[in-house]
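Okay, got some structures for you below.
What follows is chain A paired twice: with chain B in the first complex and chain C in the second.
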Partner chain A sequence: MSDNSLTTSSSGHRIHHQGHVRSLRWTRWVPFGLLTLGLVSFAFVGSPFTLDLASQVFLASIGSLSLMLLTGFAGQISIGHAGLIAAGAYVVGIMSREWHAPFWLTLPAATISGGVLGTIFGLPSLRLRGLYLAVSTLALHFIVIYAGGEYEAWRGYATGITIDSPKIGEWEISSELAWYFVLLGAAFMTLTICWNLLRSRTGRAWGAIRTRETVAEALGINIARYKLLAFVISSSITAAAGALFAYNRNFVSVEAFSLYLSIQYVAMIIIGGMGSLLGAILGAVFVTLLPYAIEGTVGLLPHAERYVNELSALNYSAFGLVTIAFLLFEPRGLVGIWRRLQAKGMSWPSWNTH
Partner chain B sequence: MSALLSVEGIQVIYQRAIVGVHDVSFKAQAGQIIVLLGANGAGKTTTLRAITGFLGLDDAKVGQGHILFDGTRIENLPPYETARGGIILVPEREKVFPNLTVSENLAVPVAYRVTRSERMHREDLVYEMFPRLAVLRRRVGGLLSGGERQMLGLACALVSHPQLLLIDELSLGLAPIVLEALMQQIVRIRDELGIGIVMVEQNAVAALAIADYAYVLENGRIAIEGLPQDLRKGDQMQQSYFGGSGASGQRSYRDLKRDARQGLFDG
Partner chain C sequence: MQLIVNILVLASIYALIACGYVLIYRVSRVMNLAQGELMMLGAYLLLTTGSVFRGNAILAVAAAVVLSTCCGILVYIFLMRKMTGGSVLAAVLATIALGILLRGFMILIWSAQQQYPGQPIALVSTAIILPGGARISTFAAALVAVNALAYGSLFVFLRFGRWGLRMRAAGQNPLLAAQRGIKLHGIYALAWALSTLTGSLAGMLLALDSGLTANMAVLGLKAFPAALVGGLDSLLGTLIGALIVAAAEVLSIQYIDPLLSDVMPFLVLLATLIVRPWGLLGTREELDRV
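Then we have the complex of A and B:
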């Protein structure tokens, strides 16, 4: 059959794909503009503490967006996320310690090594699924942490590696305000990359693989390629987030990248709402701020000082309970709640796909 | 004239031990509807999987024989390669992506190099063939009815411009009136697009009504083949397939069991 045999059966019948949607489009930018205005003005009213808190939220958002890409859209489970963050952080730590490499070298290097690790640890996904895949990604976490720990011991950095703040010319990115804008920009860039990927052919292929792998293959999708691509892109972004984290804290140490961190990221995408970019961000906000909210609430109680020692136990249990509650009562996450409010008449943007 | 698809004496072995299909040969030309009939476990779906390359999923492979598509051997190629080569399968049960809209479903199979305008063009053409899908194009696949899913499955296959369309159990779970309409669409696909179609069917009556040539599989072998009108009249066919209103009368349950046992052990 020739390529034009479908074409020859064409008649005048046409369906307009875009139609009236375009005329409504500008209104979608209004809330977006308000949000930008809010974020920028927050920079000038926030205290150093709240600015740092916001920076943590932005970092967490980058991490949860990249995990959402992998799990929520491409359907591949990973609990090795903390390992990739650690890998990015260690690349920065080692490169700046050993060779005094500037950030414009360490950041791409961290991103690339994340991609390489993603390829290696994406390979099991071609054979394994679900729990088995999760366990194989767990191996990634332990290998990276082990390697990092060995490096620290070998060089005698018993407590961790200190890193100088990145410099652009004479300007050093070290104040909370500077980091606020750097990480806000990085988070926004990540969101844009994810958003565009999902609207592209790659995003559709991921959506197809996630639900009906064999059907996708019967229609000519190279499953292996797209799965690996998901791992590579997600891991690169995650490692870049790790690199930014290292610079932001001026410090790298294995203790920062426990398995609990991986689980926190998984919780972010569950609590936020699987399969939604907005969900990834809402989940990052929620999980990052939860301990502070608990601390604040406890502080309001009479005789607050008595409970100080119990705070960390309280944090862990609250985190666990909240995650379980979402799985049971609102599997669609914060986005699900958001949508319901929207349906009740709130006119807010719906800027996530699927 | 050489056939578009030529299956030559294939044997399919599951897990290096169990023979699923013994010796199946058939041909399909462009612009022809070929129907493969047979009872459950006769080897119809296995044969389709051998053509598309999906045997690997079940740790099976084509042990003997060849499959030629357009003169090239394709047995044991991975599914996405046979699909890109122009052989598209509409699977038996799950055939749409429940999380994607109808329009997005139709965008999945289109090859990488195809431009956006060409993609839109192809989408419009299948909407013309299945107007119902145009109405539903923003609805997600998971909310479609059985008939609509079948339409979308066919439409997804068509937008990738196949040379050969393989359809597994079109009639499964469809009301007779819906099936009738879909069968007419398949005739239209054959006549207007001139592509080859191989259908695997349980519903022999509906399938023979539109077939150009038919094969009946039994225990992993081609038992009967012929023009549909001959098969409908044939005694052997009545006996082995329609459950025996033919000359030899009803076959007992014991006979059926014996046949099945032979089928299982004579590999």
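Then we have the complex of A and C:
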């Protein structure tokens, strides 16, 4: 009962891979190169709609990567992710509205404010054993939304705050293509940061805390410090994602940051696969595209217009169902499925490997 | 006087919902983040039973209570049972997913519009004027009474009942309890049934009082601070916690800012986490600071 870990990867698989990786080291770069090529060429064939969709996926990936750090690696639940995104977005909104601050000031400010919020709300709950962070992030969500609503009411922005597109010199980042590359870069940077963190002392400490808190303590790991660090880093990245979101949409409003958004992020990391950065990205892709897939499917039905009002309810149900299905039947998520397929592919044409 | 009545009514709402959190946390250390949706389910079921047993209020309410209790058991059998023995993290994530699933289904079945389950069974809310000039609606009064009844019977059940004793034992040490022949799955299912029962009672009375929309689930989350302030494993503490949270909320609406109503419970919760994280009457076990 006290085991705070989800089963992530079985050691059997790791051993299975190692031999291949060592002998074929250069082949590791082949998929990476193909992916880069694909992403760059997509930018020039995609329509504005698909480019915008891809941008949304990149934004979601930043958020889910940061949540994965916290939940998948440090073993703490946050359901205040939407609150942190809102915080980042509001810092941008307020700074650019009140003082016409440029993005190279608002972006760091948003990141720092995320870190500060993380410290304030993480400090009381992360010093306790158990999943108290879930509770205090719930508080964070309601408090940030209240503050944002108060600001809007006070300044008379009843429908929300409009934000100008960020400018570098004379060049304005506003086209879908520009955003595609900006957000792709941001997502890639987040991935690199997370990856390197996990390979460092910090990442190993998180792993130890997640699997056995008492043992980690006995190994001399300062548990409270590392848990807090995880939340602060995760919050900073999330707030930065919120800032980018605000610029991307040119608009901030409380309605965009409901608890449902937090739940979507939780769904991303479950569906993608706990304890894997690749999983965070796969989950972000899945969860971002699912509503469009549902809308498309419903559109094929006869009398499609009749179901338009039910779409949001359908989305809720589908998210719940898919998430529960993964929790029950494939706790390692999409990554688990991917790894199994990979193992099958490597041993092809012989299927008698395990 | 009106303020005191308001506090008492709100405290009863929170207490009735929050005892669901306590019952489940106490036996399995799982925070049930779908409590708000389970509460709402009770209210929606009343909508259906009301239209089936048109005009017969007692039968409709009884049927809805039975149905929602069954739903609680089904949730345990089909979802949470698979999560017992695993990590608490996964179980809490499962309750989050359950909440969103239930919300989707409920909107699909009953639509998200404002509805009044009292209409088909001819239950209308009227105001009672109490001595002292304060007003209270009949359903709010019923809520206070039901809350008192629920807590009274839970106390008796947990203290003197055979299954209540087993529940306490399972909560204290599941391994030992199982070895002494207590069926843990039965106990956990019972906890889910009871917590859905009390939650849905709160949901039904609230819906009868002021109508029913899909936003009701937020109230379930607002009731969580009451459980935590009082101590997540203490029923008596939850009653006191609900009073504190309700008082803070009603007074801040009255004297500071009406918009604060959604935030106040969580401010109280944060203060508790800082000062006394195990709550007023909770046990300190396992909660030692790290």
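To be clear about the criterion, the second predicted complex is superposed on the first by the 315 of 354 C-alpha atoms of A that agree within 3 Å, B and C clash if a C-alpha of one lies under 4 Å from a C-alpha of the other, contacts with A are read in each partner's own complex, and residues count from 1 in each chain.
Just so it is clear, a contact is a pair of C-beta atoms (placed from the backbone, for glycine too) under 8 Å apart; a residue touches a chain by one contact, two chains touch by 3 or more.
What you see is a predicted model; the values in this text were computed from it and never measured.
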| item | value |
| --- | --- |
| Touching partner for A:Val91 - first (chain B), second (chain C), both, neither | neither |
| Touching partner for A:Gly275 - first (chain B), second (chain C), both, neither | first |
| Contacts of A:Glu217 with chain B and chain C, given as first, second, both or neither | both |
| When both partners are placed on the shared chain, which of chain B and chain C touches more of chain A | C |
| Chain B versus chain C as contact partner of A:Val57, first or second or both or neither | neither |
| Which superposed partner A:Arg201 touches (first chain B, second chain C, both, neither) | first |
| Which of chain B and chain C A:Ile79 touches, first, second, both or neither | second |
| Which superposed partner A:Ser136 touches (first chain B, second chain C, both, neither) | second |
| First (chain B), second (chain C), both or neither touched by A:Ala318 | second |
| Partner chain(s) touched by A:Leu191 [first = chain B, second = chain C, both, neither] | neither |
| Chain A residues contacted in one complex by chain B, in the other by chain C | 1, 3, 5-6, 217, 223 |
| Complex contacts: residues of chain A adjacent to chain B | 1, 3, 5-7, 9-11, 13-15, 17, 201, 204-205, 207-208, 210-212, 214-223, 275, 354 |
| Chain B - residues contacting chain A, complex | 30, 52, 54, 57, 78-80, 83-84, 86, 88-89, 91, 94-100, 103-104, 107-109, 111-112, 120-125, 127-128, 134, 137, 156-158, 160-163, 192-195 |
| Parts of chain C lying in touch with chain A, wherever the complex brings them together | 28-29, 31, 33, 79, 82-83, 85-90, 92-94, 96-105, 107-108, 112, 174, 218, 221, 224-225, 228, 259-260, 262-263, 266-267, 269-270, 273-274, 277, 286-290 |
| Chain C-touching residues of chain A, taken from the complex the two chains share | 1-6, 71, 75, 77, 79, 121, 124-125, 127-132, 134-136, 138-139, 142-143, 145-146, 149-150, 153, 213, 217, 223-224, 259-260, 263, 266-267, 270, 310, 312-321, 323-324, 327-328, 331 |
